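Please find the structures below.
Heads up, the next two complexes both have chain A, just with different partners, chain B and then chain C.
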Partner chain A sequence: MSTGLEETSDAETVDVTEAELEALIGDRALARDEHENAPGFVVNPDEVQSVLGDLKDEAGYDHLSCVTAQQYEDRYESIYHLKKYDDASDEVSIVVPTTRDDPVSESAEPVFRTADWHEREAYDLVGIEYADHPDLRRILLPETWQGHPLSDDYDQDKPQLVTLAEHENPLADDHHDAESDTMFLNVGPHHPATHGVLHVKTVLDGETIVDVDPDIGYLHRCEEQMCQQGTYRHQIMPYPDRWDYVSSGLLNEWAYARAIEDLADIEVPEYAQVIRTMGAELCRIASHMLALGTFALDVYGEFTAIFQYTFRDREVVQDILEDLTGQRMMFNYFRVGGVAWDLPEPREEFFEQTRDFLDELPAKVAEYNDMVTSNEIFQTRCIDTGVLEPDVAKDYGCTGPVARGSGVDYDLRRDDPYGYYEHLDWDVVTRDGCDNYARVLCRMEEVEESAKIIEQCLDLLEEWPEDDREVQANVPRTLKPDAGSEIYRAVEAAKGELGIYIRSDGTDKPGRFKIRSPCFSNLQALPEMTEGEYIPDLVASLGSLDIVLGEVDR
Partner chain B sequence: MGSDEPETQPRQAIHDSTAPSTDTRDSRIGEGVDDRFNSKLREAFGASPFILTKFDEFMNWVRGNSMFMLQFGIACCSIEMIHTYAIKHDVDRYGAGVPRASPRQADVMIVPGTIVSKFGPRMKRVYDQMPEPKFVVGMGSCTISGGPFQEGYNVVKGAEEIIPIDIHVPGCPPRPEALIYGILKLQERIQNGESSPVVVKPYELEEFGDLPEDELVQKLADEIDEDDLVMRYNWADSP
Partner chain C sequence: MNTAPTPLQSDTVLLPELIGDLTGIAEFGVAGELLAAFIGAFIVGSLMLAMTGIAGPWAKRKITAAFTDRIAVNHLGPGGILVIVADSVRLLSKENIIPEDADRPAYDLAPIIIAGSALLGFAVIPMGSGIHLADPEVGLVYVFAVAGIASVGLMMAGYASGNKYSMLGGLRAVAQNIAYEIPLVVTGMSVVLFAGSLRMSEIVAVQNETTLFTIPGLEWAIPAWFALVNPFAFVLFLIANFAEVGRNPFDMPEAPAELVAGYQTEYSSVYFVLVYLGEFLHIFLGGAIITTIFLGGPAGPGPAELGIVWFIIKIWSVFLLTQWLRSAIPRVRIDHLIEIGWKGLLVLSFANLFLTAAIVGVIQ
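So, the complex of A and B:
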């Protein structure tokens, strides 16, 4: 811990808000903490709600982006990363230390609904308890799990018991509540409409949904542990591909690359940034195509036309990406400080292939609009179902097309610029519908915007001077950021804000590596969207959230 | 082959000549009248329209050529699995293309992804629900050994710890071509009548009350009903 911010790029603006923040938090701040791009304030565990409430109501920090929990030798620490939906680059971190003997901290759930799941995860993996939390139980690991795996005294070889009680017949007597005449229904974890291994516990009154409780953790692959075991330079980069595996690999890699490059002060060559931007937008198209195809499959059982059409287009994108990166899905193409290699030779062929795809895209999008979005059945299923009001979306920390479909104008590519986006001409798509239909339209239009970005990148790459095609910065073989330096950095992935928190402990491996997954926050809003609606709308809402369980569970 | 006979001469048996035999047809519908029903198969069978085979061999042939896959998406590999079902790769060409949503209608289960502790008992249950004979294709490194996540505290070190697997397709993820190759290999095995290997499965579902008493069981005794099924993971014994 230290006092004050030592280095700031634009000192003036930060100073103003910082002085205001200091005045606002006042005596409640025990100390200051240094974070790379956010002023950090250390507060008492019993003042979390009052500090966060003031920051939300009076300073406008209405986006609780992430909650990181970690264990030090002498204490536990919860860090609340706050942002503004209006200005994503304005960040503040609230650090809440608790003792090792009695790790109890006040819950932030009454201020931000999204803290509910984030704090459950902190309890599950690290072992911090939150007072006033409405429902503090394990979220990723089975309820019978013994120990907290990211705490330092966890024994990984200890046997564990996992129960299978939910698999009893859902229509059996014990599930039928005679008084209220409701029925309990399991959806998943093996169910075609859950897009993977999600388990949704629902309580039905007739066909109406009374209660929805998403049960996650069926794909909790210890991604944070894996990243904490790898070295910064090369061993971490393959893992981001596997968080959001719907071909969003490059977008995820960028999240890690951005965090470590800012932490270790690495300047990425502009040429590499253009390649990154192009690759990332290709990934976004592939991801949105799958979202559309599976959504059509969900809402009207369309396995023959739309689903196959979208997969046809994904194949084209994947071919382009394979030429660029060498793999169809798990690209591992980004390097710390650039990309692995230049565009494939002969370049003309690559440009031609990519341009062919872009030329055909408008006709394909028009075809999708003909077949999907203007389809009457589709509209009946989607318009005014799964309504997510903007205030609710903000309260749950929703980002990406889910937030933009509710009219929340928040896109990190524009609001917290990185890569080459600020030099390109494109628009952020927002929709005011707040329903399933708006989210689908939002994705469709984002595909067109992505195509615009790729087109401009191709123009740039074609005319880039031959002697300036540097794809990687000069990065030391071993990266060892200063001990104790902390950073939270996010990029706009296909599903929303994908953030990485890294704390360095002075070695070549991260002391703490925390992933802020957009799907995790988006999925949390599912009960708000579906309770009181019919059960088919649950399937549609789940589809329009476009979750990937690899990223929800990590 | 009767080399002195002309090639066009009708033959009486399936051996000796490859020329079409029309005797059966001619006697039924008159000579040279209508060859609309004259299939290659009938030509090949000639006057004796029977194949002599063993019934089990016939069943194996049928089984191998009509496999109903279970629609079972777990992780990254399931995206490549969907691509294998979709156009361009189209595994339906090999008679294995229709994904069934219910395990009770499926013959083959492709396990496409990492198995974690919470999902292990569920996968076991889904496998148990499939009718015999059933076959499993393990797709990707995670189903072989846990793959890149092998050191994770929550990751089962390969699907074979829990269910028997017939074909392993390595890769992270395997390309659709690789998965098709694996499916074809499985078809070949089924057609040859090779059944699922019997393996020792360390992780089995048991009733909680049947578990031997130890520290962990005693600790959880209040939380878990005696009749509940449980899976006990002995991580230290895993490979």
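So, the complex of A and C:
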């Protein structure tokens, strides 16, 4: 892991043309495989590390965004979606086919730490084995699960008996290590501070954390498979609301909308894009408010007033979103090619209500700064705890406020523009603290930036000519993208880069639907942030990562 | 200002004697006195438990709700006050689950020790209106000593539960109590230097019989309550007291976000009620000590018969302060907590003691 080196090599090779990529990969490329979003290179399963290593060190592709695994009739395939932290629109896909009889592929983990969990998931759900992987266990399903649910020969009718005793009975093993003074402690799956059903296996020396191993999958609901069984046109859109279910619905819906619109070549009317942008930023505010409130619960204690304060303000956003979409959480408001309907009538009332909220927001943010971030005890708790160095953050594929709190200037709204963001005036917030405090401040400032965006959207919407208010493009009733076309598209969700990979098999349902969850990658960095610190710091770090288990486990 | 306190003779009649005289059972000799003492203890105990009963299920909810823009309980009875009955029935009718790994009888004794130690403390507190059970010469030392027994209960609860979170909570409780008991007692001693006595009634008397200053024009004599005489000691004592009773920002031993519920994780039903009662009794005992040695005890405007009312108002003010802190102040980290105790409060409390000693010496 030469994380310190790419800084210099970035500068030398800023723009890599396709020809240069071809030269770099050279003979190792068996074939080309064009994806809609990026050039793809097919490489041998035993040359993954060397190709990815060259791409990272020589060409500056330092962000392994996602690993997609899938099974074809004649082969397995792992796709490594690479990006650059400096230029998110510069992408390349490395496709690694393996035979059906012997699905062993070289692990990318020595090059990108983030590949650890992604490859475990690929092994778990699809069944590809990764040689040289440090810890190839199942990740979402229990250890005793039989078969790999997303592979073709999986018998879905066979009952799976996974009892607690057979899986991982926390009471069965005597975790006491007679040699050392450490103590094993299960934090979760039912613990007040895990923000859902997360199980963190912790080894303590006194109150100091020696080892942390997050165990996820308790909330796995087969979201990818459910999307594979729905039609592009209407049946997939309700699902994204349920990934990051704490009021980030529209941001999630946009991830799917963006992927399918680019795949099926659908032009979205500008008016709809403005509404989308406004709705998405409202969701971001609601989500960040919740993040601040729950973080206060973790650091202040369970009866703090801060949580109620943030909920009071979030409630206003929820009301606005309810007026806009007809729902409070599970919006299902975006449509392929636009949004479901126009702003609620009377429009003036909606504008007034939203503007009132924006007018009051600065005072509220100032109140939070008074109460929370300028509190001395809060500062001693958060500054220099949960430190995540920028190099480490990049290595783990961290995105969103977690990466920006570590000074990684990466925001897809600006770097890989979509919607109406590029026409609006706003800034990407970054902080150099790398600690829990920096991440909290980052979210608070992002709330203000989102407010700026909403304000401009409101101005635009108010002045939009009445005869040009087209909310949906003309999309055919049945969408059937060309067979074999593949796309990976991401948007900046509240927690970071939320990506969708879709492969079309020529029918009206996706052949493969893969979700790249920002929380999944961010959570992976937890051990780096907490080892050597105290239990309260583990709780604070977990809070500042702002994970939603619905999105981690999908 | 008369700052040279003369040893005062306690002329107040203690509650058992009063009961003995009123009911005539004092005539039966030792047995009568014992009975009168039991009746007196029963009255004081009931009063304190009743206050805890109001504070736990009802007042705490209402206060927290007021801080957080909510309404809280409002369905049962006026202002939801009958939720106390509902909660009592609910808590007492729950199954008492005792973990397999629990180390009995330590597990069973711990809740009784936690609740009992606090109740013992009220024996020497002068509550006004004649409610004062005993007035030994070493009253202040006694009250610190019995309040300190709670640490044993917390440790027992943590260790005997057979749960790792409980054990961490118990260990924290002990570390915290050791770190904060010393500043607490040392700061309390500075008051003794002023009062010249450890007897509770005399500490109260000295505060109220001395006039700090008189507001010109209004003829209001401000009594020399030690909170006014030495605000520095008062603040030190308040902080050490919050740590001692384990309230925010020092609620380390239970810290739900970190340790689920710390030493009380495994307690349910009646045992949980006892632990909970014990916690609230300790808050009130802390409030009673603060009231007695810093806020003039049961003294206040109006006739002396109102003493118990003033006393209750004062200890509820301290309770309110704990609830305020709980809503507004972040929890400190365990290592910071120990640091504040040993490096901060201990040094400051000794500085305060020497300063007070010097001032008292100079004036006398």
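Heads up, the rule we're going with is that the second predicted complex is superposed on the first by the 526 of 554 C-alpha atoms of A that agree within 3 Å, B and C clash if a C-alpha of one lies under 4 Å from a C-alpha of the other, contacts with A are read in each partner's own complex, and residues count from 1 in each chain.
Quick note on the criterion: a residue touches a chain if its C-beta (ideal position, glycine included) is under 8 Å from a C-beta of that chain, and two chains touch if they have at least 3 such contacts.
Worth saying up front: this structure is predicted, and the values here are computed from it rather than measured.
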| item | value |
| --- | --- |
| Which superposed partner A:I377 touches (first chain B, second chain C, both, neither) | second |
| Touched partner set for A:V539, first chain B, second chain C, both or neither | second |
| Touched partner set for A:P192, first chain B, second chain C, both or neither | both |
| Chain B versus chain C as contact partner of A:A305, first or second or both or neither | second |
| Partner chain(s) touched by A:L161 [first = chain B, second = chain C, both, neither] | first |
| Per-residue touch tally on chain A - higher for chain B or for chain C | B |
| On chain A, positions contacted by chain B and by chain C | 191-192, 307-308, 312 |
| Chain A-touching residues of chain B, taken from the complex the two chains share | 71-76, 78-80, 82-83, 86-88, 101, 103, 113-114, 116-122, 125-126, 148-149, 151-155, 172-173, 175, 205, 208, 211, 216-217, 219-220, 223-225, 228-236 |
| Contact footprint of chain C on chain A as seen in their complex | 183, 185, 191-193, 207, 296-305, 307-309, 312, 371, 375, 377-378, 380-381, 534-537, 539 |
| Contacting residues of chain C [partner chain A, same complex] | 64, 67-70, 164-165, 168, 248-249, 251, 255-260, 326-336 |
| Residue ranges of chain A touching chain B (in the complex, touch as defined) | 141-146, 149, 154, 156-165, 167, 189-192, 195-197, 217-223, 225-226, 229, 238-239, 242, 245-247, 290, 307-308, 311-312, 314-315, 318, 328-330, 549-550 |
